[in-house]
Amino acid sequence: MVKMVSEFTEGEHISGQLLVSNAAKCVNNVGAAYMNLDLRDSSGNINGKKWDVGADDESIFEIGTVVYVEGEVLKYKESLQLKILSAKRVPMEDVDIAKFVKQPPVPKEELVRRFNAHVESIKNEDCRKILDYLIKRLSPKLFDYPAAVSVHHDYACGLLMHTVSMADHGVYFAQYYPDIDKDILLTGILLHDMGKTIEFEGPVIFKYSVEGKLLGHISLMMSEIRRAAEGLGIKSEVPMLLEHMVLSHHGSTEFGSPVLPLTKEALLLSLIDNLDSKMVLLEKSLDGVEPGSFTQKIYPLDNRMFYKPKGE
Amino acid sequence: MVKMVSEFTEGEHISGQLLVSNAAKCVNNVGAAYMNLDLRDSSGNINGKKWDVGADDESIFEIGTVVYVEGEVLKYKESLQLKILSAKRVPMEDVDIAKFVKQPPVPKEELVRRFNAHVESIKNEDCRKILDYLIKRLSPKLFDYPAAVSVHHDYACGLLMHTVSMADHGVYFAQYYPDIDKDILLTGILLHDMGKTIEFEGPVIFKYSVEGKLLGHISLMMSEIRRAAEGLGIKSEVPMLLEHMVLSHHGSTEFGSPVLPLTKEALLLSLIDNLDSKMVLLEKSLDGVEPGSFTQKIYPLDNRMFYKPKGE
Amino acid sequence: MVKMVSEFTEGEHISGQLLVSNAAKCVNNVGAAYMNLDLRDSSGNINGKKWDVGADDESIFEIGTVVYVEGEVLKYKESLQLKILSAKRVPMEDVDIAKFVKQPPVPKEELVRRFNAHVESIKNEDCRKILDYLIKRLSPKLFDYPAAVSVHHDYACGLLMHTVSMADHGVYFAQYYPDIDKDILLTGILLHDMGKTIEFEGPVIFKYSVEGKLLGHISLMMSEIRRAAEGLGIKSEVPMLLEHMVLSHHGSTEFGSPVLPLTKEALLLSLIDNLDSKMVLLEKSLDGVEPGSFTQKIYPLDNRMFYKPKGE
Amino acid sequence: MVKMVSEFTEGEHISGQLLVSNAAKCVNNVGAAYMNLDLRDSSGNINGKKWDVGADDESIFEIGTVVYVEGEVLKYKESLQLKILSAKRVPMEDVDIAKFVKQPPVPKEELVRRFNAHVESIKNEDCRKILDYLIKRLSPKLFDYPAAVSVHHDYACGLLMHTVSMADHGVYFAQYYPDIDKDILLTGILLHDMGKTIEFEGPVIFKYSVEGKLLGHISLMMSEIRRAAEGLGIKSEVPMLLEHMVLSHHGSTEFGSPVLPLTKEALLLSLIDNLDSKMVLLEKSLDGVEPGSFTQKIYPLDNRMFYKPKGE
Amino acid sequence: MVKMVSEFTEGEHISGQLLVSNAAKCVNNVGAAYMNLDLRDSSGNINGKKWDVGADDESIFEIGTVVYVEGEVLKYKESLQLKILSAKRVPMEDVDIAKFVKQPPVPKEELVRRFNAHVESIKNEDCRKILDYLIKRLSPKLFDYPAAVSVHHDYACGLLMHTVSMADHGVYFAQYYPDIDKDILLTGILLHDMGKTIEFEGPVIFKYSVEGKLLGHISLMMSEIRRAAEGLGIKSEVPMLLEHMVLSHHGSTEFGSPVLPLTKEALLLSLIDNLDSKMVLLEKSLDGVEPGSFTQKIYPLDNRMFYKPKGE
Amino acid sequence: MVKMVSEFTEGEHISGQLLVSNAAKCVNNVGAAYMNLDLRDSSGNINGKKWDVGADDESIFEIGTVVYVEGEVLKYKESLQLKILSAKRVPMEDVDIAKFVKQPPVPKEELVRRFNAHVESIKNEDCRKILDYLIKRLSPKLFDYPAAVSVHHDYACGLLMHTVSMADHGVYFAQYYPDIDKDILLTGILLHDMGKTIEFEGPVIFKYSVEGKLLGHISLMMSEIRRAAEGLGIKSEVPMLLEHMVLSHHGSTEFGSPVLPLTKEALLLSLIDNLDSKMVLLEKSLDGVEPGSFTQKIYPLDNRMFYKPKGE
């Protein structure tokens, strides 16, 4: 059985695959060289030290590769540290991918099934045409990407998970409040974050692409819808309403929306997005916290520390 | 059949009960006295003019009373105006109350039934004790008050309507997201705005009480829970969690919450409150707007003008 | 010779074409009907009154049409008012268009010539292809539109005037500071506001289109560039850099840019845009102010009142 | 005589009682274990190192206990460090409490006397009843607590010191400005921060209680007054005015006041509170600064560095 | 006895001197000319109408002059209006100045005496030299000017009243808190607002001078101190400390201080200034308000409406 | 040839002059003393260690002096470190000044020539008199100082370089836009930052003077102009306009301007200042960045990371 980084305990001897997320050759204060490493799997990361630097060590510990290491877990200044005894590179084909990408709480197949059911439920033809075209164009990334690099839903299929949850909420509220165009709302929800498939890049370590930084997923997606609608010859207001929902879904110019929600469906979309993002982020932050105590400061929630009740 | 103010049209002769919401004796620019009036029912208001002021007119048109008037509807500077031909006071017992208070979109009996069903669903004993005690103490106002003086849910039973909607949403989300204490969430929702029964006053025209202005419904309600819990001898964390939800439910110090949400249930409550308030407010603002055009500026929604799609 | 509204003086008798920008049939406080009108040409507007309403008057004074009126200029509460003696509609083909649209300080032909010279100076092929394609697609509006509805450059060809001035400044600074890609900068400047041809609409009275309100000229133009580049098969970074310049040119998320300038050329473009807009706006506001006194409050300049020195 | 941490100098041998405020067992970079400690008394704190970890050392250096240590003071990276030679736990009954809690600049007895004199001066009966009830209920903490955890008045009796100073100022201003209700003002001052006795907890190291974090001393104290007034059967406006003063005394919603001052006495209270807090905080920050030089950055004063004049 | 504007009542016939603060010749909606006037004395203002415009009326009602009028007080749209029967100009030498400038609550002689006593109490020679020089240079305006155009202390000698109150408070706090340089504090207080004698201008109606608008009293006064110190050959830190106190006394860059308080005396000065300004402003706003009711919105106090307790 | 710090590479032996910008005697974790040093020249800085501390070492490594060192360059935790083998102080007369101050991109002589040409071009006599007087008074610092301590133009003559660039831009825009008083604009530009010669101090390491911190260069310069104008007997508006330009040139109260630009020339000056500062700062930040990658976060540009295009 594979032991994950989060399960390492002081004093134990471990062996297994680890991703090199950072590496540097250093000299200690008596002049001897050593490798200073940041090693991780999907459960967490650990500082690594290789004290006797061999000739090949710099090429073995290349950033972004996976290595098979043997070592001892020690404690240094209140954190664990891995003293590496031996290491060798793992060829890409032998990498245990599942070990390095966090899995979603619901299996991918289930999420895809629910996503497709939402698509099937849409009756407005213009909505369906645009949706079908863009799903085809942007999958499979659409089904595999995280929803964010380091905040909420930062696991494989996180984007899909977030989208399906929002679609569920959309169906609930479209039935609850009067005069909501369910098809427009649902299509907007399914499309709203698809631009992230262009904004992020990289198979294992997700990061922002240059295009993502300079243009942002919001503007990228708006352009995708506009082009799709033109290509499909759609003349109704539908594309404009969908583009507006994508542009406005962050709900505030401060967070990068160039326009604010100006239709009922756009307002509801932004409120649902806010609600789901915060609930999932808080869920993740409360994970592992003892009843009766507080979380660490949560940056995207105003740096507040949340309380987990005792639940007597 | 009673004709409502919103149905008045230029040129017509009308008669019926109207509430005097403002009145002043004035002199026109050729020196003649007249009464300048603001008259309303639950459907809207109209400027009124009584050109020949009689001896009793000042006492007839007392602010806050209901008068029976006959008059002609004219247009003055693009607005309608009521030229009053005769008027007399209506004794309180003859006032047609239903004409002056906007009715909720769902009958009060139905709302009370749903409210009670939510109460019944709560199993946590401390929650139930506090809830039962406070419902008893603050009803019947609890079931009759509007949720706000001039924003969302500003009709009879608006507070009840808003509370029941939020409770419905609470049940939905408590089932959707893991690890939510449904009883705490639901109790918090049912209690969160009850302080408004102290904050507002007045049988027909609701306005802030002095206590409401100086203390606010949030602090008033927190004190109510604290006293209730002490009187009931409750020793668990429950009262503190409920008090926290009440204090933090505006979600921002800017809007009068002295603390920000620090539990999962408090965060969810504030998000649901925000969502329901905005949706109902927008619904009301879009009412009567032509498809393909925009609303007036909506002050509590950043003064934005919302678009009602053509819905082709 | 045509007398303009701004030249009207108290007591004089006038006749000529005027645009009906607002109209309403009203009743005065002795019960008589009259038409209340807002009449304008490019020099300003005046309140108009037609006291004896004839059968055709409502159809004559249709909002958005031009009428030929005869009347007397009076003073009412410190403003001039036009007492209309007679009026008839002017067929569109007889309308003196030049009277209703403010002319730019430099003739249109001269501006077009300078615009084209800037285009010709660009050597980067990808820039030229995109530029040529979009100029073709968006002219002639491009050469006729104002730069803003009511702020700076609000005259015919204002967009062109603003663009040419910014291009001149761009050439100056590209020579002054090192390492600026002049072709990228110039192309970005020429394109940056072209989206306004979609954002605004209407031949005589410019106003925001629904698309302009819901999407904004920034996102609209970014999509135009993206589609153009794709259609033209351009693979370099050029389209991304141009899209980025368009998206970021307001220089602040508060003013609707979804991303902030992240390249040297984008930063310079936003600084030049800010400088030219403010200088032209101030120029317009100082126009007609006496030396040694202050302007009215200028809303887009923080409501400040500017001083015109005595210039001894 | 007891030597305090602030008096330690490089190279000296010391022995005495120290509070363990932090402790961790670590491994240095040649693999040897050591204890890394944070040791303090009321004068300051020092990093401690125990290099040869004995079997009992982890239990001796328990966080929150007082130990008797012998050691040598060394310099490490510009800070002093205590190399511990021997250590043993001190039983709670032998702890020299006075060494670990900063003493107020005025003796407690003197502060209590002045506090009581202010209470005695109040003639309004409702004020006196509420005050007497709450002093009884919340003392002795009221007389021992600091006014803040780490800002101004952070010493024993700091709360009392701050309250008495503000009461002195209150008396001064009530005589200076007309129409101030001195009894209301003084009672408000004496009560305003009493909620801190609930907000903080712990005999030696003060920290926020869970209730303090979730509810805040402002809301807690408002509830206390409300309940007291109800219990005492008080029907006048007095309790409402006092509650308002407590709720509004931070003077800004940003700092946790749910309502802003709306009476003359509430406004004056918040201004005096602000003045006294800042003056005492600055006094503390300037302490020990050389004439002609600047303090460190003072966080609650906008991170400014203050200047101590040369005083020639 | 002279009847003041604030004492006018509906229906009465009045005669006396009034200041013309605004005037315009208008035409009513039946074509007749009339004068529309704003008339005031120190107690308030009233709208005036002269219905039959005579040949000289435009020259009689010159803005800024004082006229002797006879007229009738009428009510028009809930406000009083003065129907003027006759009017003539009053030569400047016959103007009853005391009627047009609000008098301070303490006689000027008393204020001057207290101001001088504060000056006499200062022992630091550099402080005294600078103070004596500037008092000489800027009096007599110093003793006559209001402290603000329309906010707090807006009466004759308001600047002096405000300065003397602040000096009293300065003496109180310099005795209360340790290590305050009383002479520096007091000198700073006496000087801090003297720049207003340059910022404002005009004998009866105070308004900002061009220099006041373009430079501000803060920078003007700082320059005055600097030049004085240089002329007097002062070499100590004293002038710099005084200049710093003047520059920083608004306590916030938002309110025009280019630097924030960085000495203990500067911080205390800004706190005292804030306290006295707000207390006097509130006192003025509460004047005339019924016990148990609220003031109008007070703009400089965040537009809040303050409550005057019943004072049972 | 002199080797600069930025050219040091791991493993090499170096010798030469270095400035001691920080120094401390420390003890390592086996008890041995060593000197911990921060050494720099104009190209950068390096951490230095002297492991065997000799009797004179503390006096040799005095902060602010230049030492001649021999040592070895090592790598420690990813940074270079200088292991010092020997060191001796360099007498001030032997210091190679050019090595410690960054040189401007244009030679000083050239900058002085262009500055003087701008001065000569001014025809307004009052402007010339004030300018000549102040140049004389504040040179030579005026020609040698950096424009900022650590942001843009932080090299010798940086103030001069910034001023000359702005003057060039001023000439360009004064010709471009109508009705600009070129002499006022140019004089304002030449004067606007001269106060920095008082705000900064120190021959090699520039830092803020006490006067600079307490008063700021803006207020200091305003006073200089005011005194100059008085001394020169100038009666026109010119000094006021120049003072206003100096006071307002930061363009925002947030950045220390007590008044905002209120003349056309003041507005243009602040826009040019903003443009030149940002362009030069960005140029410096992009220096050395690879095409196709991003800069570090740039603090004064909202912490953004800028992109250097590939420039294909």
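Just so it is clear, A, B, C, D, E and F label the chains in written order, and each chain counts residues from 1 on its own.
Quick note on the criterion: a contact is a pair of C-beta atoms (placed from the backbone, for glycine too) under 8 Å apart; a residue touches a chain by one contact, two chains touch by 3 or more.
This structure is a prediction, so every number in the text was calculated from the model and none was measured.
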Worksheet item: Which neighbours does subunit A have in common with subunit E?
Response: B, C, D, F
Fill in: Copy-to-copy rotation for subunit A and subunit C - C-alpha atoms, rounded to a multiple of 5°
180
Worksheet item: Over half of the interface residue numbers used by both subunit C and subunit F, so same, or under half, so different?
Response: same
Discussion item. Nearest whole angstrom, what separates the Cα centre of subunit B from the Cα centre of subunit E?
Written reply: 43
Practice prompt. Averaging only over C-alpha atoms, locate the centres of subunit B and subunit F and give their separation in whole Å.
Written response: 61
Worksheet item: Which subunit A residues reach two or more other chains?
Response: 28, 210, 213-214, 241, 262-263, 305, 307
Worksheet item: Where do chains touch, given as pairs?
Response: A-B, A-C, A-D, A-F, B-C, B-D, B-E, C-E, C-F, D-E, D-F, E-F
Practice prompt. State the interface residues of subunit A toward subunit D in the complex, per the touch definition above.
Written response: 28, 74-78, 81, 292, 294, 305, 307
Worksheet item: Quick one: in the complex, what on subunit D touches subunit A?
Response: 24-29, 31, 36, 210, 213-214
Item to complete: Would you pull the subunit C residues touching subunit A in the complex into a rising list?
Response: 210-211, 213-216, 218-219, 222-223, 226-227, 230, 240-241, 243-244, 247, 253-259, 262-263
Discussion item. Could you list, by residue number, the parts of subunit C that touch subunit F in their complex?
Written reply: 165, 168-169, 172-173, 176-179, 181, 184, 236-237, 241, 260-264, 267-268, 271-272, 274-275, 278-279, 282-283, 286, 301-302, 304-312
